[in-house]
Structure formats: C-alpha cells, structure tokens
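There are two complexes below, and they share chain A, which is joined by chain B in the first and by chain C in the second.
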Partner chain A sequence: MTEKLPPIYNFPPLYTCQPNVLIREQQLSTWCDLILDFAKTNNAWCMSQEGTVIKDSESSGQSIFRNESIQRSISVPFRDQIWNKMVQSEKAIKSNNGVFFILWRSVDYWSSQILQWFETTGKVNQVVTVYELLEGDETLGWEFHGMHPSLCEESLQKLRDRGRATLLKEQNKIMGVKVV
Partner chain B sequence: MGQKGSKIEVTKTDKAILQIKLSKDELHRYTRRTEILIGREREKLKALLREDPKNGKKNPRARILLKKIHYQNHLLEQAADQLINLENLVSTVEFKLVEQQFMMGLKQGNEVLTKLNKEFSGAEDLMDSVADQIAYQDEVDQILSSSVVGGFEEELDRELQQLDQEVNGPAHEPAKAEPNLPSTEGLPALSEPEAEEPQQEPQSDGRQREAVLT
Partner chain C sequence: MKHGLAAFNSDQHNRYSTTASILSKQDRELDEQLNVFQQRLVEFAKVHNKELRESPEFRMKFIRMCASIGVDPISLFDKERHLFDVNDFFYEICVKIIEICRKTKNLNGGVISFDELHKGYFEQFKVQLNDLQKAVEMLETLDGGFEVFCIRGKKFLRSVPNELTNDQARILEVCSILGYASISLLRLNLEWEPVRSDAILKEMVANGLLWIDSQAQGETLYWDPAWIVRSNFA
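On to the complex of A and B.
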C-alpha cells in the first residue's frame, strides 16, 4: 500500500521529530503530503489515528507511520503533531471517535462534484438517498463513489448552506437529499 | 436552518419516495452481502474438494455447502426481483408527479385560453363595423378623386405652361425651331405677337378672379 509513495518516504530522518523549528515545519508538511498521497492512491476516505486505512468501519493494512522496509516508525507524540497539522491546514477532519477524514480534495470540491452529478443525471428535484449517492450503480465512475457517509453529509451541508439542497432526516439521521 | 430548509419544500410524496428508496437501499445492501457470501462459500467448497479429491464429493460438508449456496442464490434472485419492483414503483411515482405537473399546465393553459376567448366575443360586430368603415372610406376616396379630375388638371397644365413662358421667355420654343425656318430678313415686321398678348391677358385675369373667388 505504501509502495507508490515518493522516495522521501524511505528517508530515515523523516521518522524522528526534528528539533529545528523550520526543518520540523518542512517535515510536517512533507508528512501531510504523504498522507494525502497515500489516501488518494488507496482511495481511502478515513484513517485511524494510528495511520491505518479504515474501510467498512474496520481498520486494515499497515500503518503509514510504520515503514517496514527501513525499519522505522513514528513516535506517538510526533504522530499527533502531524494530525494536528493536517486538521489545521484543512486537509483532514477529525470525527468524534478518533477517526480522520482525509480531504485529498476539499469539501467544496466534493459538494460541487455531487451537485454536478445531480445536474448531469437529471436528478434535480428528486429525492435521492445518501446510500444511493455513495454506493448506488448510478454514481459508478464518479470520484465520490464510495465516500464515507459522514464526509458526504459534510459536503451536503455545504450545498444546503448555499440553498441548493434539503436534507431529509429519518430517525435523526440524514438519509436522503433533494437538490434543486 | 429553518429559513434555509423552508426554501425547498419537502412534500409528502418526497417522504414517501424516501421511504421506498430506503427499503430499496436495504435490498441493495442485502444483495451485495449475499453475493459476497456466495463467493466465499464457493471458495470454501473448492478448497474442500482440492483438499480431498477422492472423498471430497462424498463429504457431507461439501453437500451442505452446495445446498447453502443454492439457497442463497435463490434468495438473491428473489431480492433482485423485489429490487426491480421497488425501482419500478419509484419511477412510476416520479412519472406520476410529472403527469401531475402536466395536468396543472394544461389546466392553466385552458383557463388563460377561455379568458382570452371571452375578450373576442364582440369580434363579429367589430369586424362588420370595420368593413362598413372601410366601404365608406372607399366611397369618400372615389368622390374626392373624381372631383379633382374635373377641369382643374387642365388649368394646372395651362398655368405650368404660362410659368414656363415667363421663366424661359416666349421665344423659347420658336428659338429651337428657328434653324428650320426660312429667313425673315427683308420681310415687314409682324404684328402677330402684339395681337397675341391681349388675347392671353383676359385669360389670366379670369383665372386670378377665380382664385380670389375660391
């Protein structure tokens, strides 16, 4: 899973927290790019704090913070620093249960993609369920297919704020959406 | 939130469609799960046969597995049928909504048309009256044009000729014909032009009087 990452991933000093502030900043942003790259190539929407990809609410695969080929891994405090940086630079959203949504595209991008889907498929003014939007056959081939429902909710909220969508709730859970 | 939510209306049909679609999603999820299950069981069965090629066929576990697979397949087919039913239902409802819109449009169009038609109720009288007016106009035109054609045209011609003579001189026309005429040298002076002038004068006087009179 980590094979496709750029060669910097195999650079041993990257795994120790650098004392110099400037260098550390550089190091943190390199890690952010690595995580984004990693999430994008693996089509991962969520990652655990340990750095593993979460699919269907179970984490699988190896952690990005552990590099077996050079026998290095990142310490817990530095790992948290990286996550802080990710959240600060709006590359990730931290959800309640310690899971991070990786935004290899911004939420705005996703919401406009969803809107585009609604418009090109003529689903405007129709009720569409979130499941249909993310798992249905009609969104196959769209980038947001398979997106995590929570992240989708986030994007739909944006559309609602723009006055383009209404969210239909069922048992206090957003289940459907109607785009105008 | 309330303000933005109220912008887009959520009707009862929307909620009903949502319910149908939710159950459709549930079926979709079920078919997916079953498909995965069948795949896994098939793999298991294959592994079982590979492990024990001789007695594998008689192994009761293999038989049970195959039975299970068949059963799951049966369920899967049923689920697919139901899924199609639900999808049909959703599209029927959506089509009905479109039809409703169509009916509304038709109704409104009809209303507007009847309202407009009411305004045309006096059309026949109006057309008759317009025809009358046109006929009258033609009559008036004819009267006017025939009265103009009287002696007025001739008078105009005469006045034009007189003006022409005043501007270009009385010798204007004869001057053109001069080369063809025989020489007048040695002939006594003609008294004709003098005699002509008094003849014309009363005419012009008469016209002036006419103009004053009118």
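On to the complex of A and C.
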C-alpha cells in the first residue's frame, strides 16, 4: 500500500520529530503530502487516527505511520501534530467519532463534480438518493463514485448553501437530494 | 428502438454528447493554435536575432511576452547559434538556481549538490552540467553568499551565508557514504572525541543541515537530506 510513495517516505529521520522549527514545518508538510498521496493511490476516503485506511467502517491494512522496511514509526504526540496540521491546512476533516476524511480534492471540488454529474446526465429536478449517487451504476467512472456518505453530505451541504440543492432528510441523516 | 420512458432519453443524451464533443474540439484547436504561436515566436527570435541582441529594451519586452504565454525563456536560447546575447542564457540559469535554492532551503539547510540541481531540475531544459557550473561561477561574482565546495570529488553549492567549518564539511563527507553520521562512526573514521562530535552534530541540526533519527539501534543517527535525492536516482 505504501510502495508507490516517493523516496522521502523511506528517509529514516522523517519518523523522528525534528527539533529545528523550520525543518519541522517542512517535515509536517511532507507528511501531509504523503498522507494525501497515500489516500489517493489507495482510493481511501477515510483514515483512522492510527493511520490505517477505513473501509466499510472497519480499519484495515498497514498504518502509513509505520514503515516496516526501515523499522521506523511515528510517536503518538507527533502523529497528533501531523493530524492537526492536516486539519488546519484543510486537507482533512475530523469527524465526530475520531476518524479523518482525507481531502485529496477539496470539498468544493467534490460538490462541483456532483453538480456536473447531475447536469450532464439530465438528473436536474429529480430526486436522487445518496446511495444511488455514490454506489449506483450511473456514477461509475466518476471520481466521487464510492465516496464516504459523510463526506458526500459535506459536499451536498455546499450545494445547498449555494441554493442549488434541496436535501431530503430522515432521522437527521441526508437520504436524498434534488438539484435545481 | 426504445420503448416507454426510455424512448425520451436518447435525444437528450445526444444533445449533451454533441456539446461535449464541440467543447473538446475547441479545446484541441486552442491548444494547436497556442503551439503554432509558440513555434512562430521561436522562429521570430531566430530571424530577428541581431536586433534582439543589439537592443536590450527590445529583448526585455520579448522575453516578458514569452514568459506570459508560457514559453520558458531557457527553451528559447540556442547556444550554438548565439541566439540573443549568450550571457542571457546563463543569467536565466542563475535565476533558476536561486529560485531552487530558496525553495529547498528548509529541506537541506541551504546545501545542494550539483547532481541534484542538474538531474532534478535542469536536465529537462537540456542544460548541461558545465553550463550549470559556468552559471554558478557568475553567481559567485555577485557576492551573494553562494559558494561551491567539494566533498569526495562531488561538487556542492551552499546558498546560506553561514560558512561551513572544516569539521562540518568532514561530517558531510562521512554522510556522503552511508547517508548518515553518528558519534561512534566519527570516532572510528576521524578519531574524534564524543564531546566534539556531539557539539558539532547538534549545531548542524540547529542549522538545518542534518536531520535527527532517534529510532536507530544503539545510538542517535544524523542524516544528510541529500540522501533523499540520491536514493531517488539510484
């Protein structure tokens, strides 16, 4: 899972928090780029605080913060610093249950992709369920196919804020959407 | 032939696909036009070489125009035919070198090898290693704190004003073999006392020249960030 990451991923001191402030800033932003890269190549929408990919609400596979090939791993406090930086620079959203949505594209990008899908397939003014949007055959081949529902909610809310969508809710959960 | 509701959809589908094909055609045409324009610009530069060389004002304006439509000035120069003033070619390289040094300063503490400059940035512009060396020589006359030094026969460029001491240079020399240095390694190779090694290594970490690795077995290792690029081309 981590084979395709750039060579800096195997640079041993990357796993030790650097004392020099300037270097540490560089180190943190390197980690942010690595996480984005990792999430994108593995098609991961969601990661645990421990750095594993979460699919179907189960975490699986190895953690990005542990590099077996060079026997190095990130300490817990430094890991939290990396996540803070991710959230601060709007490359991740922390959800209520402690998992992180990785924004290898911005929420704005996703919402405009979804809008584009509605427009090109002529689904404007029709009600489409979130399930259809994310798992249906009609969105196969679109980047947002298979997206995590919570991240999709964020994107749909952007559309609603722009006055382009009405959201249908059931028990406080968005079930469907109508784009106008 | 479709029946029922599906029969209405096909028309709509066609309409969107024609729009899409028109848009992608326009996109292609624009790309081609821009390419042609860029080629013409290069040809223009060759024909009016003499005027360009003689009038610095004309030259400046021309280069600025090239930059604004996405023609990298370096790609315009032709060393053999002395397109423009040949020195301009080196000035452009100088500017690029300064940009790269600025950008990578926080990663490598302001020390970059010629190999890294060449393979990482300049090879794509067909700039040779000796062109690079000539440009760096020109930078030195500016007295802007750029300095070339050698470690085990390899040339490095230092772009930060604090000069490397002899001891620091020797540590970088040790790093160029395995990628790192440590107190015991320095004791074995240079017969330095641990106190001396410790002080210099810590200072180099503070300057950003070395990165600490505290997870190695036995002792702390001090890594040279140049390792990242070396492993990339290995």
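The definition used in the following text is that the second predicted complex is superposed on the first by the 180 of 180 C-alpha atoms of A that agree within 3 Å, B and C clash if a C-alpha of one lies under 4 Å from a C-alpha of the other, contacts with A are read in each partner's own complex, and residues count from 1 in each chain.
The criterion applied here is as follows: a residue touches a chain if its C-beta (ideal position, glycine included) is under 8 Å from a C-beta of that chain, and two chains touch if they have at least 3 such contacts.
In this text the structure is predicted, and so the values were computed from the model without any measurement.
Asker: Touching A:10 in the superposition: chain B (first), chain C (second), both, neither?
Answerer: A:10 contacts chain C only, not chain B.
Asker: Using the touch definition from the top, say if A:120 reaches chain B (first), chain C (second), both or neither.
Answerer: After superposing on A, A:120 lies in contact with chain C but is clear of chain B.
Asker: Once the structures are superposed on A, label A:138 by its partner contacts, choosing first (chain B), second (chain C), both or neither.
Answerer: The answer is neither, since A:138 touches no partner chain.
Asker: A:180 in the overlay: touching chain B, chain C, both, or neither? Say first, second, both or neither.
Answerer: In the superposition, A:180 contacts chain B only.
Asker: For A:71, decide between first (touching chain B), second (touching chain C), both and neither.
Answerer: second
Asker: So in the superposed three-chain picture, is A:166 touching just chain B, just chain C, both, or none of them (first/second/both/neither)?
Answerer: first
Asker: Taking the superposition as given, does A:108 touch the first partner, chain B, the second, chain C, both, or neither?
Answerer: In the superposed model, A:108 contacts neither chain B nor chain C.
Asker: Using the superposition on chain A as set up above, list the residues of chain A that contact both chain B and chain C.
Answerer: In chain A, nothing is touched by chain B and also by chain C.
Asker: Which stretch or stretches of chain A touch chain B in the complex?
Answerer: It is residues 126-129, 131-132, 135-136, 160-161, 163, 165-166, 168, 170, 175-176, 178, 180 of chain A that touch chain B.
Asker: Which residues, counting only chain A, touch chain C once they are in their complex?
Answerer: 6-8, 10-16, 18-20, 22-23, 25-26, 71-73, 120, 122
Asker: Can you list the residues on chain C that touch chain A in the complex?
Answerer: Against chain A, the touching part of chain C is residues 9, 12-13, 16, 20, 106-107, 109, 180, 205-208, 211-216, 221, 223, 225, 227-228, 231-232.
Asker: For the complex, give me every residue of chain B touching chain A.
Answerer: Where chain B meets chain A, its residues are 4-5, 7-8, 10, 14-15, 17-18, 21-22, 24-25, 28-29, 94.
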